[in-house]
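Next up is a structure, given as structure tokens.
Labels run A, B, C, D, E and F following the written order; every chain starts at residue 1.
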Amino acid sequence: MLEVTPEVQHLIDLALAEDQVFNDATTSALIRPNVWGVGTFHAKAHGILAGLDVALAVFHRVEPSVETEALMQDGHGLEPGSTIARVAGKASTILRGERTALNILQRMSGIATETARYVKAVEGYRVKIVDTRKTAPGLRYLDKHAVRVGGGHNHRMNLADGVLIKDNHIELLRHRGMTLPGILEQAREMAPHTLKIEVEVTNLAELEEVLEGGAHIIMLDNMSLEDMSKAVEMVGGRALVEASGGITLENVAAVAETGVDLISVGALTHSVTALDISLDIAA
Amino acid sequence: MLEVTPEVQHLIDLALAEDQVFNDATTSALIRPNVWGVGTFHAKAHGILAGLDVALAVFHRVEPSVETEALMQDGHGLEPGSTIARVAGKASTILRGERTALNILQRMSGIATETARYVKAVEGYRVKIVDTRKTAPGLRYLDKHAVRVGGGHNHRMNLADGVLIKDNHIELLRHRGMTLPGILEQAREMAPHTLKIEVEVTNLAELEEVLEGGAHIIMLDNMSLEDMSKAVEMVGGRALVEASGGITLENVAAVAETGVDLISVGALTHSVTALDISLDIAA
Amino acid sequence: MLEVTPEVQHLIDLALAEDQVFNDATTSALIRPNVWGVGTFHAKAHGILAGLDVALAVFHRVEPSVETEALMQDGHGLEPGSTIARVAGKASTILRGERTALNILQRMSGIATETARYVKAVEGYRVKIVDTRKTAPGLRYLDKHAVRVGGGHNHRMNLADGVLIKDNHIELLRHRGMTLPGILEQAREMAPHTLKIEVEVTNLAELEEVLEGGAHIIMLDNMSLEDMSKAVEMVGGRALVEASGGITLENVAAVAETGVDLISVGALTHSVTALDISLDIAA
Amino acid sequence: MLEVTPEVQHLIDLALAEDQVFNDATTSALIRPNVWGVGTFHAKAHGILAGLDVALAVFHRVEPSVETEALMQDGHGLEPGSTIARVAGKASTILRGERTALNILQRMSGIATETARYVKAVEGYRVKIVDTRKTAPGLRYLDKHAVRVGGGHNHRMNLADGVLIKDNHIELLRHRGMTLPGILEQAREMAPHTLKIEVEVTNLAELEEVLEGGAHIIMLDNMSLEDMSKAVEMVGGRALVEASGGITLENVAAVAETGVDLISVGALTHSVTALDISLDIAA
Amino acid sequence: MLEVTPEVQHLIDLALAEDQVFNDATTSALIRPNVWGVGTFHAKAHGILAGLDVALAVFHRVEPSVETEALMQDGHGLEPGSTIARVAGKASTILRGERTALNILQRMSGIATETARYVKAVEGYRVKIVDTRKTAPGLRYLDKHAVRVGGGHNHRMNLADGVLIKDNHIELLRHRGMTLPGILEQAREMAPHTLKIEVEVTNLAELEEVLEGGAHIIMLDNMSLEDMSKAVEMVGGRALVEASGGITLENVAAVAETGVDLISVGALTHSVTALDISLDIAA
Amino acid sequence: MLEVTPEVQHLIDLALAEDQVFNDATTSALIRPNVWGVGTFHAKAHGILAGLDVALAVFHRVEPSVETEALMQDGHGLEPGSTIARVAGKASTILRGERTALNILQRMSGIATETARYVKAVEGYRVKIVDTRKTAPGLRYLDKHAVRVGGGHNHRMNLADGVLIKDNHIELLRHRGMTLPGILEQAREMAPHTLKIEVEVTNLAELEEVLEGGAHIIMLDNMSLEDMSKAVEMVGGRALVEASGGITLENVAAVAETGVDLISVGALTHSVTALDISLDIAA
């Protein structure tokens, strides 16, 4: 689900406010309120569309009477020249909302496009490409929606909806004399019973300890392909196995080949390349 | 100036809320409130630091009693292993704030680092590298600060602090029978007298019209290097000249060579590569 | 963890605003700003203290210079006459904050006290008493904290941190031709992989289907004691078993006797009896 | 008046946010957006309906296109099986809003139902049953509306709309040498002239002082029935008389018999028993 | 009481945001963060100081480390050259906050000064000068505080803390066949029992009806001096009498002479003349 | 442009909240929800209408189903008796919104009316009357719109959309050894290139320095008419010239006669006289 929820609406408001759209010096000086226009979104590159509902909602917030028409839905493939959507109303409304709408659409489509590349690269394997919490501040919900549009799956949305015991937790607890099985036992006892427990391991020795302790998901952090294959074998279906760290478009298929269940890719959201989309306005 | 203004504080709150840091299932289950820790930020790549004040403010918002120490300031050069800052306090506080702080620091340092590359590429020219309004929604202020840290300059912060007559405005107004000089005259009469007037032109014929009309700044949109050189000559110092469109690290020096005053680069903020920075926590 | 997070602070602000404490007609008319006072919280009944940090934070919000001293911590037993905490500062500050602080403290202590009764009633069994999402609007976080203070455990905090397939979901999906095992399979494929999957069943036939489908947690809804015992036996440790519906202080031990892992009690938070606590102010 | 004012809307938003309805893991995994459903609210107990407008507004906030139909109005009597309202639209919308809507409806109907019991218990007397400021934090407005629906009246909404001089005020002022008549004189001089002045007394001696001082309303705090009767006689219509403290369904008629004008009952809002109401969803 | 309550703090934030103080182009360009300064507030006219706490709080919000020193308190008399307060800190902080602080201080001092003129004009009469709800949107609380500083009293703060039956109510109710005594009876029965009931009358015939009906306060709207004198006599102390409409500094003493208890003056807050105060900054 | 932007809507909400319109004791007691009424706005004085859209939006916020009809637009001339607009709907809605709507309409129309007087006084000169940042806190946007309605022009909206180097900046920088030309050079180098640079001068010697330094706009602060005439001559069209300080309706024509381009008048917004407008409600 991505609809324009109150939280998304709040983000739109924030973006419109920081752009001072209701105080647009150029439009106010030049474009009378009675000038009507039609804006058309065109793709200027190959990719996957994402974020269209949010982008169109921007114009409705600037002026409720604007009319918008989506010519495709999120997930649709784009190529240079594809016509995506139309906005009709006061030309001043379209001009005010243009930059904010494009900033949203270009980022989200960029994420979906790159995700689709990873998904395609592992086609034929039963692995899932998943994202991380490495999103732009305030954009978690939009960034993660775009990953889903691109065919990826979401890892934790936030700190509340999954237990993930990472190197820093383990370091602190080992320092106090706890072992990995002991840590897992405490997690099972204390964490909400509705959440699975995931642990990060960096080598096969740790993996053995974790298997003994009984985790639901095991994250292999920056392991070699060889070790990942061994790890999958050692786990033998008793837990989900997630590969993490240093994943690129070049090596992702080889990682999938090891038999892991999930491959998480931080770059999907922390290093986004905007997809080139433009808005042309005609009278 | 970048300090933690109320608007930045609001963004931190938004980021902490979307990450549900006060409902962190892992930390609550495993790390007692009386466990103390020290977190250290290290660079893992070459680059320029940006956003440290904001990143450290994240921890203060999670728990006001935390102690933070900046070992360098925004603008400092980073290399793999550089120690950036320390955070001391409840280990649970550091764990809760970690991801949010890193997300901010990595994006802002990524922007500053890339900006510095452009600035270095035009060293020796009197041109300024400037950003655009193509920023992530809600992050305008942080993104633009990072550009300044990297040695770039800011173009308009928003629609209110500059008049920029673009293709879409011109198209609409020509349709109603106005000429470029006429448009410029109306802008001078109607726009706030404290703002300069910038116009986008796509060829030398339009440039001539605009010079006649009297713009303060002229944006050359996607022109060839040859035409840009001619344009600079034609303007002859009567206006600032800005090159825009299709600028890359490869061609930016050649663009500077044409003699333009400003080169605007959308990719600085619309296509950010996060700089690799980590936080290690010790007991 | 319950500290005065930004969300809790927001709730305090809301409560102070709805009580118009900064426009207190009585205090403004009668109590000069230079009158100092000491307020003492006393219990007037037997119970368990909960919410003290939040209650004291109310006074700090009214006037930051007030001094508060907690004489006990959340979870401490109360009896009539127990002295809980002191507040010293301008008498007007204490008078303005009194009602808001007491409303929080009495509700939260009421919840903790009742929870503790349930926990005591099942002493000796390895069952957990858990709450539900049947909390007062806006008070989810405080209500659930009070349950933990009373020795209970939390079920889902919200719709995001657990999958719970209830009668209404099943009804809708059966109508579209799906079976319980099919529903479970779809949930496993589509829901975030970090979440366990819980299903509600109302009889042993459904239970059998669900076991076949492979749920992590099974909620027995309003079953007889006899059926619950049989269900526990049928599950045989393959999933967590939760008893739900019609639980009272009178029958909770008998339910525990059936061997279920979890007993959820909506009344803990939907039907709260405030614990009697007063604030006496002396000059 | 209870309509969905901006303040009530804000509370709905708060409740939807804390339940993360737009991130509902179960519904997103199982119920496609094109599945339509009809939800029906049924009573499962005897009582009085309150809060229906607010409960239905919850669904409109989740999805504006939902259709809701109230089959009765606030104040209507309920019995097991009564059909209260219908909600038609996307099944996912109904599932997301269900818990929040029920939490509001069950609490408010619980308050109205209990209030109606008190009102009925004093039938035939010209006394009014009134509430107090002992409401759940953030729910003042809803709680007090439910009291009115049940036939009760509201005491002060907040500290601004009435002067009420209580034991703590009197203690502080006596300490500075003031007498009750002196306190009343100061209140008349200093408090807004649009507000009546109420004073709390605990015995007949204080009552005499207060009558001399000229209060508009006199609160008899925890007095015996005998003393209350004497108090009513002493006042002789010169002020409104309010009984307060220790009122129960068992003794309220006897208190009314003393001739007081108002009986305030804190338990109406501080110790609410939710009324059992359910929502059944059909395809 | 006027302290910097959360509501006032919110207003300061709003004012700082609308002035974009954290994006001050002039100060950022010219004044380095390490330049320190001292700002001094001077009066440039005769008047009464009001709003100083709020004005100084502006600077603390811009930068918490700033130091402010109030050399006088609200209510102090000013003359040209009076030194009011000092602000010491970063010069950039003082420059950013200057305009917002002065806008608050000049308006509030203007209100206090004009109120004091009315109060002085009726010196010797036992009448109170009161304000109205004719305040600038969002500034109710500050405007009304300034009236108190000037020696005036406050009428209703808002629609909740007083019953005031005006011409428009009466017109609507007469149309439905009600008489003034009937209206008053309904108000007594239905309105909160803590509020007094005020009625507006425009002539002596209406006054007679209202006296019969039993109002607590009677507003004489735009009556002649002669009729007001008669009205005071007719009321004979059975209610408070308020003169309203067309009051000026020229006629206010004559109105007081008629013996009314209260004179309300809308112009105190709807037509404010700012008091001239300046801020000089030295290095 | 002035439409009811999110920021204006927020201000309306703030005003309705401070007036507690949803808790209106009088209307709730007397006017049933099924009583319908029509309110008519009438002018009671000569002037210029401003703010009507905002005033009517107030009623829509109280109750979305209300119907409003504007009989004239902002900028229309008013005389006693002019009918401005009608509001039809529940009488209770009109009564609740009345005061808030009038407070907005009367202030904004007051500003427009006074501005129009200044504009008329300089008719025939090519000078512009401009406002200042001396607006009521939170009302910047509305106040400045009203100035435009009255025929005036806006100076800077806030600190971000113009560079204005004032006495305090100059004092601080001179103290550090800078000259006016040096200050101007730094401003040109450091300030956003889209903004013009304005400098305040107090005498002709400073003017000479500033002309040398190359400002875009020069503010003559409190100069004599004779010096202003000389200044205009000295500038000779190389910069815009603004007269500021001590401007009144009496001297504004003489100031215009000196040939300045702009005359700024703080009193337009810091000392507003409300225009008398009333709302009459009929059944």
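As a convention for this text, contacts are C-beta pairs under 8 Å (C-beta built on N, C-alpha and C of every residue); 3 or more make two chains touch, one makes a residue touch a chain.
Everything numeric here is computed off the predicted structure, so don't read it as measured data.
Common neighbours of chain B and chain C, listed by label, are A, E. Common neighbours of chain D and chain F under the contact definition above: A, E.
Farthest chain from chain D, judged by C-alpha centroids: B.
The distance from the centre of chain A to the centre of chain D, with each centre set as the mean of the Cα atoms, comes to 45 Å. The distance from the centre of chain A to the centre of chain C, with each centre set as the mean of the Cα atoms, comes to 33 Å.
Distance between chain E and chain F, defined via averaged C-alpha coordinates, is recorded as 22 Å. Residue positions of chain F touching 2 or more other chains: 7, 23-25, 27-28, 141, 157-158, 160-164, 192, 195.
Pairs of chains that satisfy the touch definition comprise A-B, A-C, A-D, A-F, B-C, B-E, B-F, C-D, C-E, D-E, D-F, E-F.
Taken in their complex, chain D has these residues touching chain C: 7, 11-12, 14-15, 18-21, 23-31, 35, 37, 91, 95-96, 98-100, 102-104, 106-107, 110, 133-142, 158-166, 168-169, 171-173, 175-176, 183, 186-187, 190-192, 195, 266-267, 270-274, 279-283. Residues 128, 130, 153-158, 160-164, 192-196, 198, 217, 240, 261-262 of chain C are the ones touching chain A in the complex.
The touching residues of chain A, counted against chain F in their complex, run 13, 16-17, 22-25, 27-28, 33, 61, 63, 92.
Within the complex formed with chain A, the chain F residues making contact are 1, 3, 5-7, 141, 157, 161.
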